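Since the structure comes first, as structure tokens, the remarks are kept for the end.
Each chain gets a letter, A, B, C, D and E, in the order it is written, and its residues are counted from 1.
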Amino acid sequence: MQVKEYKPLIVAFCCNWCSYAGADLAGNNRLNYPADVKIIRVPCSCRVNPMFILRAFQRGADGVIICGCHPGDCHYTSGNYYTRRRMAALFSMLDFLGIEKERTRVEWVSAAEGAKFAATMNEFAQTVASLGENKRLEDLRCKK
Amino acid sequence: MQKITRDQLVEKAVALLSDGTVSAVLGWSRGEFDYDITPAVFKSAEEVKENFVWNDFCGANFSKYLVAQTGKVEGKILVFLKPCDTYSFNQLLTEHRFDREKVYAVGIPCEGMADIAKVREIVGDGIVSIEDDGESLKVSTLYADAPVLVGAKDVMAERCVNCKSKKHVAFDELMGEDGEVIESARFDEVARLEAMTPDERFLFWQNELSRCIRCNACRDACPACTCEKCVFDNPDSAVENKAPANSFEEKMFHIIRAFHVAGRCTDCGECSRVCPQNIPLHLLNRKFIKDINEFYGEYQAGAEVGSRAPLVDYTTEDLEPGEVFERGDQDA
Amino acid sequence: MNKNFIQEEILRSSGVNPKKCMKCGKCSATCPAYDEMEYHPHQFVSMVENGDIEPLMNSKSLYRCLSCFACIDRCPRSVQPAKLVEAVRLAVVRQQGKNHLTANDIPELIDDETPQQLLVSAFRKYTK
Amino acid sequence: MKVSYFPGCTLKNKAKDLDEYARKSAEVLGITLEEIQDWQCCGGVFTTAKNEIATKLSSVRALKDAAAKEQPLVSVCSACHNVIKQTNHAMQTDSDFATKVNNYMAEESLYTGETQVYHYLEMLRDLVGFDALKEKVVNALSGKKIAAYYGCLLLRPNGVMQMDDPENPQIMENFIRAIGATPVLYAMRNECCGGYISMESPDLAANKSNAVVKNAVAAGADMIITACPLCKYNLIKNGAEIPVVYFTEVLAEALGVKEDTNE
Amino acid sequence: MQRVGVFVCWCGSNIAGTVDVAAVAEALKNEPGVVFSTDYQYMCSQAGQDIIKNAIAEHNLTGIVVCSCSPRMHEATFRKTAAAAGLNPYMVEIANIREQCSWVHKDMTTGTEKAIILGKAAVAKVNLNTPLTPGESPVTKRALVIGGGIAGIQTALDIADAGFPVDIVETKPTIGGKMAQLDKTFPTLDCAACILTPKMVDVAQNEKIRIFSYSEVEEVGGFVGNFDVKIKKKARYVKEDICTGCGACVDKCPMKKNPNEFNLGMDNRPAIYIPFAQAVPKVATIDPNACNMLKNGKCGLCARVCAAGAIDYTQKDEIIEEKYGAIVVATGFNPISMEKFDEFAYNQSKDVITSLEFERLTNAAGPTAGHLERPSDGKSPKTIVFVQCVGSRCDACSEKGKEYCSKICCMYTAKHAMLTRDKYPDTDVYVFYIDVRTPGKNFDEFYRRAVEEFGVKYIKGMVGKVTPEGDKLKVQASDLLSNKQLHIDADLVVLAAAIEPDKSARPLATMLTASMDTNDFFTEAHPKLRPVESPTAGVFLSGACQGPKDIPETVSQAGAAASKVIGLLAKDKLTGNPCVAHSNELMCNGCSSCERVCPYGAITYEDKEFRMPNRTTKIRRVASVNPAVCQGCGACTVACPSGAMDLKGFANSQIIAEVDAICK
């Protein structure tokens, strides 16, 4: 029987204006990060509904990271401030339910921070990998 | 054990109906059992005199019913509000959920309501009748020869033991004396859970939430859950989910439900009161309230009409989501 | 005593954050005892900030602050220099034998009209 | 109405008249000053250091005594008022300090700054009302040009004292108007007289006191009133060319009870 | 069901080097809805685009997925391609398999696997795409400028110059603002009136510009391109179109003793007045609080002497309603009150003045006809002390002043000091400073000249107390560099008071739903890249309403705001971003959560009647989004508990489909 190497699955929600561009810059500069990271483009980090995050965990994601413009630099002036409050509350709640707090993260990445994007993803993927598979929030039906 | 009597409430309702101030009364009526009190709309003095009930099981928070009833009744509707109900009342006004002009709100004092589960713990099953006997309840069961006397204080609902306020924040008229906001110990249980390891917390919630049968009682009783259509009932929401298929689904339901009411929940405790599985759902709401208080300053939803809920507000100096845990680590 | 320890102690007991100072000198501009002082209020702020506290502790300036609180009220940055002077002074008089005034000195210093308040205040400021 | 009253050491000795006039006048104004039982020295100067506890305990005791009677605490001497008010503020806002104080006192009930602290002037303004005072005046001091000397302790630090605008106060001027005299405005009214420095450095004190008096005289004052025994001492000792009296004295005079007092 | 075509780009070897593009195309063939899948070397090339166009026609495609470089690169290109083939451009989704795949991963297996997943996510999303049409709204080709100072004047002139009509609303009886009160301007020292008044005349004579002086904005409705504004023209009791500004009434008015606002109360004006000689419009105004005729019906002298018959005591406030395409805020600033800074004795002595008062004292048209005289006794001051940073740079908890640097004070103080020394060389001039801040062209040179050529004594330190005594002001100050306390007997003390936004700005911001910072300065849409635009579409910022500014900066910002307005008004129709929020009114609770988080004020509420069971109806409050104002951030969608609010192009269902595809 073949032992499959454990690879964490990470969903990254990136705002269109800063973080998605930061990810592009990481690409332009050929900065490697694990292929386990899959990016979903949203207009602003404040578009990320907690439902999306839970859904990702439900379907087997091992970590979810939300990236937005730095506070004060939001393309929509205030979107990331709402993100900050919502996610602070949500992550604290997930922790309260016993979900490992290392599986969720918010990081501010500007369009100029390709290196930060890659470093963040490397570090996050490593952290999540060290936790092992997400067992506490997954929907077993969805696991093959 | 209530200071205000049924007769006083009936007299008030009848008077307001007769002089035309109101054309309907939102009140409690008997359900199948003595402890199974049901909200009802009374349209006449006769109905009130006959069916109006007031006892230690009248916990139902009527604020929510105003959303539907104010649209149905011609003229004003009389609602009796216990102190904790008035917060929900204000919160719904903040959210424009009913027309204040169509309501005549009478604030009534509350000495705390009984929890039938606690009664059962003492007397066992097969409760036939419960009579209020001043400081205690006289409970007759199928299996006991004589009625059992149960101390009203001993069976008081958790939310009343940890009552956060005896003050009415909204009313047109007040019966009895107004009280004060209370420094309660309502967050102690949350703090206890916070002090556990994540594994212990996970086990705790796994045990609690796995009992959920998705009956939606919590949602239906919650005065913050007054959505015209709940996301979980909406096929377009992509999370539509009528019944739990596995352990994750109810977790998602309860997390999202708590998140949707976060900053708006007044901590009235109806969710836990109506839960047939006795899941301490209010702890999820209190966790949000406690966090919000600690992160963004004290906020009591419904204390004032028109206040801005913390999650639709921000300051540029708010703490980062990551710092939430650094704080926790320091405390631990 | 360790220099950093004293600095920390002074910052802690005074509750002052000298980093807020923008070096405008309004404290010294407002100080009624300026001319009697070797180190002036703004110097207390910057010297404490720099950990240069020894000279302050040895200076008579400590006993010239009148506790008039004018520097506290007029500082545009809410630095509260008087609280620093007070903290340094306490660091000195709390040491053994460092009282600046003793009861023996009193008879020479008073007259018939001297109010009790003067004695009490002076003792409070000059002694442990 | 009844209020708790903290006279302070000087009012029992060198400034007996400040005390006597205050009591007689209060009586006329319908206020009973109930002297705190066994009060002790206020401490003279408020030590701003957060870790200075013992010297503030006597103030806390007085405050607590008033709290037990649910009365506001009134004092006349600027220094006492300043120390008591600052101590009360520390009890309200510095929980660390309050805890230490309460532990030290080891009494059954805790104190966290509930008492309302009034200076006698604030009592006149807020509890009696200057208009009501005006009505009680039998002997209006019309024609008198009086300079109010605030000094430091009534006004500062303003964040705590909250008596009036620390740079442009009006309370004493309004008081002067209420007793029928004319207030004289001058800039040095909120500057220091030299305080306790007169012990060690009489020259500096003389310097400061002279500047105050000179400025008041230049502004046309023919009398200076103060609430502080030390201010009065410094101003007079350094040769004030116009009379310096306690505000309670002119109050008693206006209310027609000055003579009774001297008996 | 969509008919989706998948197009995998090699990008030469950029993608194909790390991703097996053929395998990706093959794998995506089996995804739901996919009816065509291919790969090509350069999809963005003409040939590549033709492949897409042909496939659309051949396979009746309703949706397109291009697996290629970042959408930030070529999304627009492929949307145009789709549109050219008759497909709605918003039926295109891009899977970013270059920047976020081939360029960051090294081996072919990993790259290919990930590319397939990204492709699947894009297919899952496009399956739920709906054709979107950008909303169009007409543009009213008229601009409103609120505030008639130099900022408003310059903006209005520039807009009018481009051929668009402009209205200026000014609360005072004349335009001109603060600049009209100034004497000389730094660093060139040309006289303010000489450069301002010609511009004021230009405004008056420009056919495209209407001036509503003595008027206020009362109400603002509508949105970018279509603002509905109500302007209240206050009764000035003089018929503006008839008054010739001859001034006969002003001379004859018996009520002469009213503080003259223009001279900051340092002299008096009659009840009927023209603020200054070059006022625009040069029309008299009656102060209703001072006029005997208006107060108790006795007098009427001005009406009698008015040859033109312009006086009208019965005039009433008038409301003017007008439509505008763009609104420029130019409400300017005021010096803060010196009430709380009485250690400087501003309330105690007439000879302690603010810098703006000093401007009037040295202005030839001022109360002293330009002779520097002390307000108290008219003597010429021999020693003048300037105090900088009064109320600026204060700590937030000091509750006395402002936290920010007022920016203009260092330069105008240098100007005042220099001009005083120039005109009155026997005067001692001291400037107490904390820092001298002179970034600006020729600014530091100017300050150095004040010191080196004119002998102004700059002292690093602050004034602690000013004591008026006799006819002197005793100034007690610190000289930090020589470590001394100074005592100066001055004749005049001039305070460089901090400046703050005009009080009218706050209510105006509410009307405009434009955001403000904690100091009541208007917030710009982006601090660096959109400095003259408010986040609220169609609202622009000019001058000190956005932050402290000197005249050169104000004028350049005014021009910038004008060019933005011209760019907007030049369009016949505004095409919006179609990816905007919309509310499903059947589910909306009307709770206002969405409105509270909307940075653009795009959400409004209306009471709507809904059919209920049993032929009843119910009136409910529901949200509606103005697509012309919404910028599509999506903050509202998360604030909405019922899920009634969704975002076109990034719908809940679309994002969840992507999540599902990725996590499968």
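Simple rule for what comes next: a contact is a pair of C-beta atoms (placed from the backbone, for glycine too) under 8 Å apart; a residue touches a chain by one contact, two chains touch by 3 or more.
A quick note: this is a predicted structure, and the numbers were derived from the prediction, not measured.
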item	value
Chain hops separating chain C from chain A, counting only touching neighbours	2
Neighbouring chains shared between chain A and chain D, ordered by label	E
Most widely separated chain from chain B, with each centre as the mean of CA atoms	C
Farthest chain (mean CA position) relative to chain A	D
Most centrally placed chain, judged by C-alpha centres	E
Whole-Å gap between the CA centroids of chain B and chain D	53
Distance between the centres, which are taken as Cα means, of chain E and chain B, whole angstrom	46
Between chain D and chain C, distance of the C-alpha-averaged centres to the nearest whole Å	24
Computed distance of Cα centres, chain C from chain B, in Å	58
Shared interface positions of chain B, touching two or more other chains	231, 237-239, 311-313
Residue numbers of chain E (touch at least two other chains)	343, 465, 597, 639, 652, 656
Set of chain D residues in contact with two or more other chains	167, 191
Set of all touching chain pairs, with the criterion as stated earlier	A-B, A-E, B-E, C-D, C-E, D-E
Chain D-touching residues of chain C, taken from the complex the two chains share	12-15, 32-33, 35-36, 63-64, 66-70, 72-73, 80, 82-83, 86-87, 90, 101, 109-111, 113-126
Of all residues in chain E, those that touch chain D in their complex	339-343, 345, 347-348, 465-470
Partner chain B, residues of chain A touching it in the complex	50-51, 54-55, 58, 71-72, 78, 81-82, 84-101, 104-106, 136-141
Contact footprint of chain E on chain D as seen in their complex	165, 167-168, 185-188, 191, 211, 214-215, 218-219
Complex contact set, residues of chain E against chain A	70-72, 96, 98-101, 103-106, 110-111, 113-114, 117-118, 121, 515, 523, 525-526, 535, 579, 597, 599, 631-635, 637-639, 647, 650, 652, 655-656, 658-660, 662-664
